[in-house]
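Remarks on the structure that follows.
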């Protein structure tokens, strides 16, 4: 919080907290005269603030689709460049040693009641949240209709519910599933993926530099460590 | 002067909200079975939480105001803690206590999480401190000599409490119950964390609003107007009972 | 009896929270510059909001309790609305009102969103109703004859207000301020929506907790304990001033 | 310096249609006069005091003092309590519970004698407390006084103002015999030139001391005159009993 | 049926070390006696009443009545107010503001005479109100009464209990002459067998009517005896003035 450093306001989705906190540290180490200031909230909240005219230099939502609405605000035009991807997975509570679910498809686990009995509670992201849209997308394509559902405001809330045994299954991203060994992740057939891209919203060269950093091999390495796929 | 300026400042967001509201589509947005269910759940949860707050909170406030006993500061702590804790954390605490794998849940094999009862519990925990603080303050500033008179007329502690102290504190109890109800009505974080966001079970209006805000802002605004209307209706209906007789 | 059972039920989650807390790593988790910043922002925002609530709310409560004027119900509405609105919606309303492109922002070319002032505004809006309702109740049940005496001794309306009504309502004002401060301290939804979650600007402790909950639940618990400690410290320190002299 | 009153005023009672009680009086009091107001409980004595003090606006008539209109109903001038040339000892003391005894007595001086410095004010208040033999109680809170002590503080609070009109609503009711003498002497001796004293009392000896007697019953003035005259030929049985 | 009192009790005053006021008395009262307690303001009369009613526990001594120990300090028995055979008219009325006048008077019957049905209770309360000439005011709220009317309701509330010990703290202070006669008669006539009346008063005539006089000053009993005897040779100047 030094006043003589140039402040770079980066609005990043709360679900990207780990990645962008790492980026902040690395970028500030490379550029000692820059103070990266993260605004971490839900993608839609950030989007609303930017549409309201907030002084964001960089916007990094949890879904590339959310960039469209701010694109006329964006300084650089053209297709946004994806820096990472992620895919949806179904998680169940368990300590990873559970063998009777290995090889089971998610469809079988949930639909046929092989693991999760009838009346089971499934946690998912609410529609409108990127992971919620991905879940809707998946359910529509698979023709699935879930029973009791709890709609959570963000993907980590879904993870918390399943890991804590409060929900019997949940849809989260692979990266989230990897952070908690109290859940078992089942692969989804034709799992929906989500693409991450960012928009530079100011003319400041530093903002471009930060965007370049996110696309750098060093950042890619960090992203992979967190479980993202990097194209 | 300051107050007038202040109130004006507060008036602006409300005005903006009303201007932004999707008046044309209001009926369409609100006349859905989901909304009706959410209203029902909201009323059931908030009113149950208010009743629970009054039943537990009024005696607690009385004990806190009038008696000294070991562990008093512990009780005070327990009942005021949820006032400052972010509601989500209260939800997490409830999970640790009453969740499926919580202290009690693992002991008895049942949890209250993801149930309507759980939603009531969450709302009660968050709302009751408002009632307790409001009522305790009134009891403290009540004239103890009236209770003395009642004693001298033969009324024991319980009768004095019920016939004298409580009626005299009625304005504060009503005000406290209104505060508690309002807080329960708007409760979001503890509920979604502990009771989930399940239609017909725990999806109250604020949960519906907050989630709708992510995907369907117009619906969120429409639901907000609905909440406002319900709340104002209740506040106006209660106004007379608020005014103490003297 | 009921109260004792009720308090016990409420005690369980708190106990669970304490049992779950990462005591061993507490110092490590809390002794970070980020935490210090969040504490600073939290205190600045919640105390400013409390001051604003008192300065605006006490006169408002007085006017509501004692005067009849056209538009009174409008004022009452405006000040009680945020009590029932989910905070997130209040945040959206604030954006519509005071955002850069909001009602005022577009008129004057400045916005309060994503600033510390904005966070204070959000917390004030959400916290002030608690103060107003608490103080209004006390003023209503005050003995008007004391004010009459003061008038008869030559004190004009303002002097009576300042020298008689206000001191007599002091316990309620203190209690209301405590409620408002606690509500401001725990405020999350309106703040993150309107003022963002920016370190050093608007990232208060509850916002920090919400981030910690996403990735580092232990840190979230540690931060919650910190909030509890601060809050209880304040409540204990205020306890004496709470007790009215008679 | 004449007080002239022609007033109708009323108090509502819940559940009773119309007015529960109506006061209807007309009288004049000249400078330097002491008028005793007597009458059975509920006659309207305190109501009259409230009307004169400006706590209860009148419905009809007018109240004038020294060329000034204090209340002119309906719709005319109304001078609120703080603007009236009046000091008052209410029937039930009504000390400010949050102020010390001294601050209670100094309160009126602060507003009615603004030119006084804080120290002068406190000196005068202390002198007024000494006058009612309570100098030693200056630092106490009202709830730490006995009933009669509190009433004497209320007397001191009003006397300290040296107001043109002094309204006393049963000022001696809880005061012991010794202090009654003290305060009756005080009321006569510590009297600024021209002061009108309106004294409500249930004590015959105190009433007989007055220059004039107003006898109220059920809100009406049923008799008035010099005490000696009324004692000689009491116009009502109640008065006969009082002055017996 | 004797009341015997040996008591030391005190009240704290803020800012004063130790006790602000100490009451130290010893006396006995036999069945059917009326005892008048007199003394200057602040002598401790109301404090004594509070001690007997059980509002203020004693520090030393004991209070016994009819073989029962009401208070035995230090550390001994203490019967709280609701268990004492006492009815009380407090110095400042203290009616319950949220109850009607009738309900105020019926309140004690509800607790001290539990066998009574609601209707009987209300009849008795109404009769007690009639006794103080306030039958017409049964449905009012206390704040709709005049000062003297409220005091009469407080008297009715205590009298209705027919308690073995009746404590009266200046019960006539705001009551008019006519009603004073009424209530003095009532106190003598409506008296259950054996009732002890302890009457605090500043009125000499009422004090002279008592069987015995207790003279308090600064918390001590400075004289006691038959009123006529004390009037003939008053042991203190203050008493001389009272009985003059």
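For reference, chains read A, B, C, D and E in written order, and residue numbers begin at 1 within each chain.
FYI, contacts are C-beta pairs under 8 Å (C-beta built on N, C-alpha and C of every residue); 3 or more make two chains touch, one makes a residue touch a chain.
This one's a predicted model, so the numbers in the text were calculated from it and none came from an experiment.
Minimum number of contact steps separating subunit B from subunit D: 2. Taken together, subunit A and subunit E share the touching chains B. Mostly identical positions are employed by subunit D and subunit E in their mutual contact, as over half of the interface residue numbers are shared between these two copies.
Averaging C-alpha coordinates per chain and comparing to subunit D, the farthest chain turns out to be A.
Subunit A and subunit C, compared by their mean Cα positions, are separated by 33 Å. Taking the mean of the C-alpha atoms as each chain's centre, subunit D and subunit E sit 29 Å apart. With centres taken as mean Cα positions, subunit E sits 50 Å from subunit C. Mean C-alpha positions place subunit A and subunit B at a centre distance of 34 Å.
For subunit A, no residue reaches two or more other chains under the stated contact definition.
Shared interface positions of subunit C, defined as residues touching 2 or more other chains, are 92, 102, 210, 213, 217, 246. Contacts with at least two other chains are made by residues 141 of subunit E. The complete set of chain-chain contacts reads A-B, A-C, B-C, B-E, C-D, D-E. Across the complex, subunit C is touched by residues 1, 9, 11, 14-15, 17-18, 37-41, 45-46, 48-49, 51-55, 154, 156, 160, 179 of subunit A. Subunit D meets subunit E in the complex at residues 11, 13-15, 20, 39-43, 45-46, 91-92, 139-141, 144-149, 152, 170, 173-181, 202, 204, 238, 241-242. Those residues of subunit C lying in contact with subunit D across their complex are 145-146, 148-156, 159, 163-164, 167-168, 170, 245-246. Contact residues on subunit D toward subunit C in their complex (touch as defined above): 53-55, 80-82, 84, 86-88, 90, 94, 96-98, 107-108, 110-112, 141, 143, 157, 161.
Within the complex, the subunit C residues that touch subunit B are 2-3, 5-7, 9-17, 19-20, 52, 55-60, 63, 73, 75-90, 92-94, 96-98, 102-104, 121, 125, 128-130, 133-134, 136-138, 140-141, 143, 171-172, 175, 178-179, 182-183, 185-186, 188-189, 205-206, 209-210, 213, 217, 220-221, 224, 227-228, 230-232, 235-236, 242-244, 246.
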